[in-house]
Each structure stands twice: as C-alpha cells, then as structure tokens.
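Next up is a structure, given as structure tokens.
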Amino acid sequence: MQDLNIALIGGGFMGKAHSLAYAALPMYFWPAPARPVRKVLVDVTEELAATAADRYGWERHATSWQDVVNDPDIDVVDIATPNHLHADIAIAAAEAGKHIICEKPLAPNAGDAKRMLDAVERAGVVSAVAFNYRRTPAVALAKKYIDEGAIGTILNFRGTYLQDWSADPDSPLSWRFQKKIAGSGAVGDIGSHVVDLARYLVGEIAEVNSVVSTFIHERPLQASGFDALGAATKSDGPRGAVDVDDEAMTLVKFRDGAVGSIEATRNAWGRNNFITFEIHGTEGSIFFNYENRDELQVAFKNDPADRRGFRTVYTGPNTPYGEHLWPIPALGIGYGETKIIEAYEFVKAIAEGGSVRPDFADGYQTALVDEAILESGQIGQWVQVPLHERAGG
Amino acid sequence: MQDLNIALIGGGFMGKAHSLAYAALPMYFWPAPARPVRKVLVDVTEELAATAADRYGWERHATSWQDVVNDPDIDVVDIATPNHLHADIAIAAAEAGKHIICEKPLAPNAGDAKRMLDAVERAGVVSAVAFNYRRTPAVALAKKYIDEGAIGTILNFRGTYLQDWSADPDSPLSWRFQKKIAGSGAVGDIGSHVVDLARYLVGEIAEVNSVVSTFIHERPLQASGFDALGAATKSDGPRGAVDVDDEAMTLVKFRDGAVGSIEATRNAWGRNNFITFEIHGTEGSIFFNYENRDELQVAFKNDPADRRGFRTVYTGPNTPYGEHLWPIPALGIGYGETKIIEAYEFVKAIAEGGSVRPDFADGYQTALVDEAILESGQIGQWVQVPLHERAGG
Amino acid sequence: MQDLNIALIGGGFMGKAHSLAYAALPMYFWPAPARPVRKVLVDVTEELAATAADRYGWERHATSWQDVVNDPDIDVVDIATPNHLHADIAIAAAEAGKHIICEKPLAPNAGDAKRMLDAVERAGVVSAVAFNYRRTPAVALAKKYIDEGAIGTILNFRGTYLQDWSADPDSPLSWRFQKKIAGSGAVGDIGSHVVDLARYLVGEIAEVNSVVSTFIHERPLQASGFDALGAATKSDGPRGAVDVDDEAMTLVKFRDGAVGSIEATRNAWGRNNFITFEIHGTEGSIFFNYENRDELQVAFKNDPADRRGFRTVYTGPNTPYGEHLWPIPALGIGYGETKIIEAYEFVKAIAEGGSVRPDFADGYQTALVDEAILESGQIGQWVQVPLHERAGG
Amino acid sequence: MQDLNIALIGGGFMGKAHSLAYAALPMYFWPAPARPVRKVLVDVTEELAATAADRYGWERHATSWQDVVNDPDIDVVDIATPNHLHADIAIAAAEAGKHIICEKPLAPNAGDAKRMLDAVERAGVVSAVAFNYRRTPAVALAKKYIDEGAIGTILNFRGTYLQDWSADPDSPLSWRFQKKIAGSGAVGDIGSHVVDLARYLVGEIAEVNSVVSTFIHERPLQASGFDALGAATKSDGPRGAVDVDDEAMTLVKFRDGAVGSIEATRNAWGRNNFITFEIHGTEGSIFFNYENRDELQVAFKNDPADRRGFRTVYTGPNTPYGEHLWPIPALGIGYGETKIIEAYEFVKAIAEGGSVRPDFADGYQTALVDEAILESGQIGQWVQVPLHERAGG
C-alpha cells in the first residue's frame, strides 16, 4: 500500500478532526487506497505547532506553511486555517504540485475561490473541499434514493443549519465574526454546508432571494484568533464590532425547476448543530436531521394506503459506506465518521488518479451561491447565480 | 343563560366541526357565556340540508341562505361554504344585524374580504374568522410565553403547512383547485392559517417575497363540488385544469423587524396536517408541530448550561384553556377542541358585547398578505403588504 | 332512526366525556345505528345533578340512581361513578333489563365484577366496559395489522401507563387513593387499561409476576370525593393514609406462548398519559404512544434492507374508523374521539341485537388479571390467572 | 508523557474499536495521562493477525497470546476475543503483572469471572471491563444529575437493549449463539450492558425475577467463528442448534428499595441498538435512548407548572467529558467516542496508580446478576443476587 505524506496547516478543532480521519482511515476502509502518513503539522507558533503535532500524532511540526507546501516529501496539503489564508496556501500548494484538501468555505469570497480553482486545474492536482456533512451515511443514503428515483422528480428542498453556540451576545468576537478573516458570517460558515447539500442532492441553483441579517452587532474582544466555538467562555470586557451576518433566509430556484429555501442562523436557542433537509418529490419525501444523524426518514407515495408514512431508516451495513463503518445500525455515527469518509474519498481519488466531489469547482460554485445570497440580501432582489462550467464537462 | 340561535350555512366537513363545537361548548366551558342553539342548517339541496340537519342535530333545515340570514329568530350566521359564497352571505347577514363567524379564508380575494369587513363594521356586529389553529392550546401557550417575554425579542419565525391529501395527480378536481370558487390554492387554503399564526404570535407582516408554484396542472373531474379532501377516491376519468397554486414558499419581513418564512404545500408526501412553527427570540425559542398538538417545545437561554434544551410541555390544566378541557395533560386534544374553543371565544364576545380576535379585520389583513404573496410570486419581487388600520385602533 | 334513552350515573369528568360522545355519535357515524338521547343524569346532590344535566345537555336530572335504573323510559344505563358503586348500580340495571356501559375498572375487585357479569348474562342485556384506549384509531390499526398477520406471530408485548398528576405527595387524597372506594390504585385505575390492550392485541394472559409498590403513603385530605385528577390544588392540611398501590411492574405470560411486561405508575414525572405498547413479532414490530395518538409505528421484516425501519403511519380515512372521523390524517384525534367510537360500538350492538367487546366478561377477565397482579405483588411469586370461559364460546 | 505498551488480543470488530480508541486518545484528552502504544495485535492465524495489525496500526502481530501476555515489553493486555477465552488470557496476563481491559461480558459465567477477579486482585493490576455505554456522554450526564440529587430519590428504573440484527432465523449461527463460547445469549451479550447501566445509575441489584426465552432454535452454520453481527449474509445451508437465550425480561429489586425492569432481546424488528433507560425519582425523571445518543431527556418536578416537561439536553462542552470531545453539542458522538473515553479512564487509572470503574469486580457482580437472571428464568422464582464485597470497601 502506497504511503501518502500529508501536511496539515492548522492545529485547531479541525486539525483534530482531520488527524483522527487520517489515523482511522485504514481501520475503516481496508485495504485502504493509500496510507495517509501524518508527516508535518503547521501552526502559527512553535509552541502551538509542537503541541498539536504531539497531540495529533504528526511526525514533525513547523511554523512556515510556505516551506512545508514546497517540501518535496509532501504529497498532500490539508488546509484547516481560518478562511482568509486558504487561497494563498492552496495556490502555493497547487503550484508545488500537491494534492489539496481545504476546509470550507473554500475562501472568504468567490474571487479567491476562483483563483484557487484555477490553480488546481492548472496544476492538475486532486482538490477537495471539506463539506463533510454530505459524507454522513444517512445523507449518502438520501442521495442513493434520489438517484434510484425512489422519490421521483424533486419538487422542492428546504434546508437549515441552525446553531446557538454564539446566540449569546456575550460570546467572544472570534475570527468567525470578522469579515476580513471569515468573509461572511452564517452564510459562509454554515449556510455553505446547506448549499452544498442542496447542490449534491437536487442540483445547481439558478437564482436566490434572501434576507440577510445581523442581530448581534458587537461582541467581547478575545485575546486570540483561536477557534473557540461553543467552548468559549463569556466575557464582559471591551467589545468590538461584528461586521458579518448571523442569519440568512433564502429562497432558491434550481436550474431543473425545483424550488426551495435555505436558512442559516446562529441565533437559534436550543438548536445545536441542526442541519436538516426536507425534500418532496413526485413519488415520495425525504427528511434528515443531523442531530439524529444515524437516521434518514423517507416516505413513499406507493406504499399501501394504510401503511404509508415516513420510515425511519437507520444507516448501517446495508446502506452506503456501511460495510466500512460499524457492524450494526445505530451503533453510532459521529462527527468523526463524516471526516473519515471524507478523507477516504479524497485519498482514493489520489490513489486512483481520479477526482473527487466536492472539489474546488464545487467549492467555487458554492461560493458563487453564497455571494449571490449576500448580494440579494443587500439589494432585495432575486440574484442569478453564475454557473461555472466544470473543466472537461 | 342566554340562548344564541345559530344558522349554519354549509353542511360539509366544516359543518360537522361547527356543529360539534356548538353542542360541546357548554360541556367544556361552564357556565357558558351563552348557550348556542342549533336552529337551522342550510345546504344546497333539500336532501343535503335535511340529512345534515338530522345528523348534526339542528332543529330545522333550509336551502335558501337568503331567507335564513333574514330570519329574525336567528342571532348568528355561521358560514361554512366554499370560499366564493362567503362575501354575499356575510354581507347579507351583517345587513340583517347578525353576528357572523366565517370559515377561512375570509374570501377568495382581499377585495371581497374588505367588503365583508366594511359590512360588519357598518352593522356593528361581532365577526370572527375561523383560523382555528391559533386555538390549539399549545399555540395559546406559545402566545402566553411570548407575551410574558419568556423568549425575549422575536428575531424570526418560520411556519409551514404541509399536506399530501392531494399530492396524487389522480385525486379529484374539487372546488379547492378552482380559482373562481377558492380564489387561490395552497396560499388561501392552508397558507392563510400560517399567516394567521405569524400575525398572532409575532405581529403584522410588512413585506413578502415568494415563489408560488403549481406542480399538478390537471386533475380528474368530479361529479360534485363537495369537499372531499383526503377521503376522495381516485379517478382515471376526464380531467380539468387546475388554475390555482399548490405550493408557495415565502420570505416575510415583519413590521417590528423580525424576519421569517412561510411555506404552504399540498405536495408533501408523508406530511398530513403538518402545521409547524419555530420562533427564535433573544431569550429562547419555541417549536410547535400540530401533528403532535398536545405538545409545545420551548428552550430558554437562561437555563443552566448543563440543563438547557427544548422542553416538551404537554398542555393541560396549567396552561391556557386547560381548566375547561381535560383534567390531565395528554389525555388528548383533537381537532374538535380547536373548534370548541373557537366557538367559545366567539360566543363570549357576543354575550359580553365585546369583540373577538381573529375577526374580519384579521381576515382581511390576512387576505392582504395572501394577495401580496400571490402578487410577489407573479412579479418576482418584494411586495409591500398594506396595513389596514383597525377601526377604533 | 331508533331513539335510545340513556341514563347517566355520575356527572364528573367521565360524565362530560360520555355526554360529548352521545351528542357527537350521529355527527361522526351516519346514519347512526340509533340515536342516543340524553334523558337523565344522576348525581349525589340535587345541585350537582341539576348543574351537570344543564351543562351536559340532559333532559332532566335525578339524585336516586335506584329510581332511574328502574325507569321504564330508560333503555341504557351508563355508569360513571367511583368504582365501589359500579356493582350495585349495574346489577340493579341488569335486573331492570337495561343495557349497560360501565366505566373501568369494572369493579373494585373480581368478585364484584363476576356478580355484575352474571347479572347481565342472566338479563341478556348488552354490556360494555369503557376501556376506551382500544378505541384509539391507531390502536385499532395495530389490531388490524396483527389480524392480517403483518407482524407474524407475536413474541412479546410490553405496555405502560405512566402518569404524574399525583406524583406530588401534596396532591389530595381523592377516592382514587382509597381502597374501599377504588379497590386498588395504579393497578385498577391505569394498569387495567394496559391489561385490556394486551388482551385485545395479543390474547389471554396465563400468569403474572409483579412488584407492586406504594411510594407515597399519605396525602392531604380533601373536602369531597370528587374526581379532581390533575386539576386538583395542592394542600398542606391534615393528611390521610393511602392504602392502595401507586406503581406496579409485572411480567406476563400469555396463553399462546408470548411473554411480556406491563407497567403502571403514578410517579413518573414528565409522563402525562403515557400509554404505550411495543410488540415484536416474527415478521415485524409495532409501537404506539398515546401521547402522540394520531400515529402508529410499524416495522416490517420484509422491507428492502436499505428501506427498513419503523414507519410512522398517521391514522385517517384509510385506517379503521377513519371515514367517520376527520377527512385527513393528523387533523386531530383527541380523547373525545375514543369515547365517541366507544359509544358507537355500544349503541350499534344494542341496535343490531348483538354484543360488543370489551363487555363485562372482558371487564371480569381483566379484573382477574388485576387481582393476580396484586396477589403476586404480595406473595412474590407467579400467579396463574383463571380463565373465564365466555358464555356461548 | 509516559508510553503504555498495549497488546490487543482479537482483531475483529472490537479490535477495530479499541485500536481507534488508542490512536485517538491523546487527540481527545490532552495532555494524555499516558500515550497508548499499539505494540502487538494477536489473532488466531498469521494472516488474520498480520492483516489486522497492518489495518489497525499495530507495530507487530502474533498468534500466541501466551507469548504476548508474558512479553516484558507489554504493559497492558486488551482482551477482545470471544467470551470463552477471556478467563485464560486475563488470568495469565494478571499473573504476568499486566494491566487488563477485557470486553464484556467479563466471562461466560460468574465462576470464570470470579477467577479473573481474584487474579487481578492478587496481582494488584488495574482491571477494566468494557461496558462502554456508560461512557456515552449523555449517560455520564444522567449520572451527574443523579449524584447532584436533581431527580431526588430514585423510585424505579427500566432499561432495555433491543436489537434485530439476528431476528431473522436465517442469520448465521455465530459464536454468539453457542453456549460453550458465549456462555449465554441476549442476557450476557446485551443484557449485561443494561445491568451495568442499572448498577452505575441506581445501585446494586438485590433480586431478580425473569422470563428467559429462545424463540429461534436453530440457525445456519457458518464457516468460521468470526464476529459477523449484522453484516452477515443469510444462508440456507445446514443448520445447527442455538443453545442460548435470545430474549430475557426481568423484574429487579435494588438493594436501596428502588424497583425496575431489564429487557434484552434480539428479536425486535426495527430496533437496532436500542439501549434505553427511564428512571423516575421523587424530584424528576430521566430518559435516554442510545439510538439518539447525543441527547438526554430530563424532567424536573420543580419546574413551573406551565413550563414543566422533559428537556432534551444535547451533550457538549458543558456536560461531562465535553471539553475533550467536540466543541459544540450535536456535532456528533459516535460509538468511537464511547470507546475513546473508556480507554482514557483506563489509561488514566494506570498512569495515576489508581483504579477505574467498571473493573473486574463490577464485571463479576454483573455476571452474578446475569446468572441470577438465567436461574430465575429456569426456576420461575425470585432469585437473590449475591453481593460481592469489593476488596478494600
């Protein structure tokens, strides 16, 4: 089995998730298409980098991503930094001929995303963007049902990503609330996941019409830019301005005629990681809620009239990826598994000389949708989403 | 206890519900503000009227609503006909000085609704429009929480009414699919309930932006205009055109700054009477699903961090209307109870010489919202909703 | 349509439910097998009786049940008193040739129940016992599935009835906590419903083995014996002894080989009217929770491996009794509907000269099971349940 | 950080889970109490061992557990074999001075479990038994609530473990259906988890009374003894006898006065890994269902009357272990996390020179309960459970 030498840029929460994925990949998928080797972890200070490398099982650490992406020993660059660094790192990595997986959103804006896409296309490397939620086995099962025609022609889609970890105005002003780093707020951070699910399950989005809001206008400054998420302690110190959205509600029209809605909010008390979709088709319906992610609900028109209703199907050995996961349904899919499958699909593409979805073209297309959502929110009108034609069709 | 003589126009499914409500009102609310007497039931043929009167316990029957609304023995006219007849009956009843309760939507269009409103205001009679779902005890509890400030300032609202009884293109072309009778499709029939809930719980809607669709363009003709709903048998006979919408997805902006979405669809396989709302406020959230109508879910920001989450509160003796319903929670609220409470509030207003909400002014305002939804669906832009200033403020 | 003159003994909460049922019966079931006429309501004082008769729509009232049951104008005696009065009233009514419906449990003990059964058999009248929960449409659907073999041979059954309206030791010492009136506590009051469901769905119970507990040994005295249930106000006045159980957990063996468990408790904080059953068969499983009573969940072994799971079926026009209820599923079944269907089945049996289940033989058999549960709780051993052979097989 | 050299005996499904746990431990818990080093993996053939070692990231492999447990380089022996091998391996490992973690049930019978316990006590090594479900963060939160008195004095407990992976009589006769290897069927395999949860949350069990059944008496022979679980393909080949139970329903009395029930069945179509418990206390109730394992439901008596009901608390940073898991609730706890926490607690005990629960004394006590359940099932009477007094109190 071929080794694949990985460099991980960013040792925060996502660094943990990616490290777990590389360590676990062959345990789950065997024989693995290649063996990811945790070669080098990069973070902003020597101490951070050393500690993260030690903790997450990397052979060495570094503080210069520039050196690392040019290291001939490295095959893959994994970008898990705040958004504003994605483009520079990815373009340099592509120019150095590295395969690249990048956390979502691909970039703070569509322009950067396009430059990243151009770079990987020029370099001919494998690219991937980490919209991991489509890797949830139950979401893959939804995709299978749709592809099999089990719910017929899709009429509509409504997706949500609701959270409350920052619903408190006293939670800190991390980089996720700063436009110059994050690009946008709820739209790029969590809405982009829903856009990805919509594109994955239904198809390309033609137009959007949105209301984009910022309900919390300032938050306590925090000492560092680390990604604290929900673990953050509250503060009553000095405050800084939030210059990104914290909520967006969007109508969408898909190119194939389906319609839908997408909602992302950080102000939903009681909702934690509430990623849901409900899809109605001419032959049935699908409902998914990531908070109960082992389940997919599906209703079929053609069930007998006295036995018709949503079925709660637990994913397991008989559903996508199941033979590689746990031997019985409901034994328990966690966040880790979504990243392990994500890593597997990426590594497989490299090993087989192919490609993977979602790639940078998907990341760019999603960025175009996000940008249209933000623009629509500003001008209060339907905004058409440009369609990037994928290279090679 | 004062008797209140009722005339019911329309002996279909709604006639049953209203008859039950009048019979049960004193059983639930005692002492009753007045005793509704089921005097006369009107339907289109002698046979229909006679049968319905016998079945639903009315003293006599008739086929001329014109005669009945002018009968000096009658105090109240209850309109449970298809939508296109509401205006004529209501205006005549108002002119005859009768108090009026009218099924929703108030009229097929806002113009008719306005004429009806004008008539009852001129006549000084009590008017009510039968948006019964706000009478669900759990919805009344949501209102109480909001009024008490339990969830703080409302940030957003999303409401749905999803059904599937007509999702099959082979279900018949009842009057609900004909514009000249119904006025609109999903928008007026079920969307209006969600608009009513939004107005009740959050406040007036300032602007709407919608996608209005018709996915099923023709249906089998049926012999009569009766209200078959889900009980209808399928047919493969000749078909007629559907000229109303069967689905609408709408963004809304409330006058007080909250935003939201409203969705109504008849194409949701697996959803039966899926009336839901989720409201996020600065201090908490509320979720309701009518399919599990004994429950209200509420999350409070200020719960201890390790004990925070949605509570499932079953309505009962300690929640609104509870002392009049059943002695313990979850004994079981059904559709009937929503109509019994509705009748009670209406009868009480008459007995006390007051007024009730939702009244024809509410029905008219909701019709304005519906009309704005339909217009927005046509022109693809935000449409402002005129605000009718209530007489007397 | 034939009139059926009813005398109702007892004007409390159950009186309300039964009055509603008689009023609504023809509205739901049309043409009705007979028209129940609310002739006379009996309660212990003139004032109580007069008020209840007025409230619940009875032609007249009385305070002597003895007179009423011998009134030749009366066809049916409906017993909704505390348990200790059931036998005397029922036996007198039977001797007077009246058809009888009696609230559950049939009697405080099996001996009384047997005397009641003997009386109705001697008299040849129709008898019914008000185990209304088997009338829930979703329960009737479960029965239909089982009868059709949809879940194969039943392996096991577990049923619960959990409540919390009296979980507080400060809730009053109503008659339900006094052995001389109630006979037993949770066992007879709520456990008997579960026994009835078990017998209805699975079959006769051969043996039981139970733990019967009383956790709350005294409660505040209350002024009267009225049935306060959850509406009761708490008190810190003088207390009296509780001499009945408040919880029973029981293993059961059915005669046909299935096994199971039955649990009844009044101490389940957060459970309101939590009547559930889960049944596993060789071909599938069924789950029901009355708190969400419009739903039945069913899983089928033979569903495709990637589409197998519990289906949530909402009862409606396509399921038992559905055409008589509301025209679409989830419009809303409440407690009222269970009593309306109960009344219908009883009235139909009278009109057709037949019989109905559950009748007094069922009530007696259930009392035998209850008594075995209590005995087993005392002696700590399996106790065989005598099987009463139904007259005429 | 100290290295801890692990030897893993058994490379099946559990081998995967344990390997993941060791790899991930420092990623989650940092600084780790010690660093588990995956030294050697043992399986029955050279090929199986080599493949598993390669797949799961172990430095080397072996086929003789005897050699390995005596290898001075090894600090810890991890036993993940079929049950009948546990005792020999564990006793040898203890005699060699190794710390031991053993999969559940500790042994096929209580006698073997006692010998294992004696061995580790004699040797003074740390022992652990892998009842991982008590490591679910939501279960740890339940324990915290109980310890804080949040639900008051516990009145009762009912726990279930329902599965269907072997509900089909055509699923193969793996070692789990053979008494000589497994010791018992559902009782030891899954019921033991519920016993462990009952002991963890409520306390020691004094007496049991059970019905133990075998509904499927023969199954197709399979080629090997591998642990196929749900992934197994069905077969119509020759069949062998099942000589263990597949279902047990048990009443329990706890030493402190609480009562309860425990059910384990392999015949529950539609239930996958349905580990649930519901606990009622004098001040509140707790409900847990592992199939939705990120959630714990809790109801408090003292909530305001109009805001009382089960809260759905998602575990996360503010609940036990949360700071080591994922940064927001509902990001997703899977089976892996239960094993990672399990490994952490074990490794911490070794590093700190302490002990861990559940240890072999717990495993033995649980085996005593299991044995009492089986005996009660045979003799049809209450059976007292001997209480093993823990060494040192």
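Labels for the chains are A, B, C and D, by order of writing; each one numbers its residues from 1.
Heads up, the rule we're going with is that contacts are C-beta pairs under 8 Å (C-beta built on N, C-alpha and C of every residue); 3 or more make two chains touch, one makes a residue touch a chain.
Bear in mind the structure is a predicted one, so any value in this text is a computation, not a measurement.
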Starting at chain A, fewest touch steps before arriving at chain D: 1
Pair with more cross-chain C-beta pairs in contact, given B-C and A-C: B-C
Between chain C and chain D, centroid-to-centroid distance (C-alpha), Å: 41
Approximate Å spacing (C-alpha centroids) for the pair chain A, chain C: 53
Whole-Å separation of chain centres (CA-atom averages), chain B against chain C: 34
For chain C, residues that touch 2 or more chains besides their own: 295, 308-310, 314
Contact footprint of chain B on chain A as seen in their complex: 151, 155-156, 158, 162, 167-168, 209-211, 213, 215, 247, 249-251, 253, 259-261, 263, 265, 267-271, 278, 280-285, 287, 297, 299-301, 308-310, 380-382
Residues on chain A engaged by chain C in the complex (per definition of touch): 141, 144, 150, 295, 298, 303, 305-314, 318-319
Interfacial residue positions of chain D with respect to chain A in the complex: 13, 16, 19-20, 23-24, 26-28, 30-31, 51, 54-57, 163, 165, 227-231, 272-274, 290-295, 314, 316-317, 323, 326-338
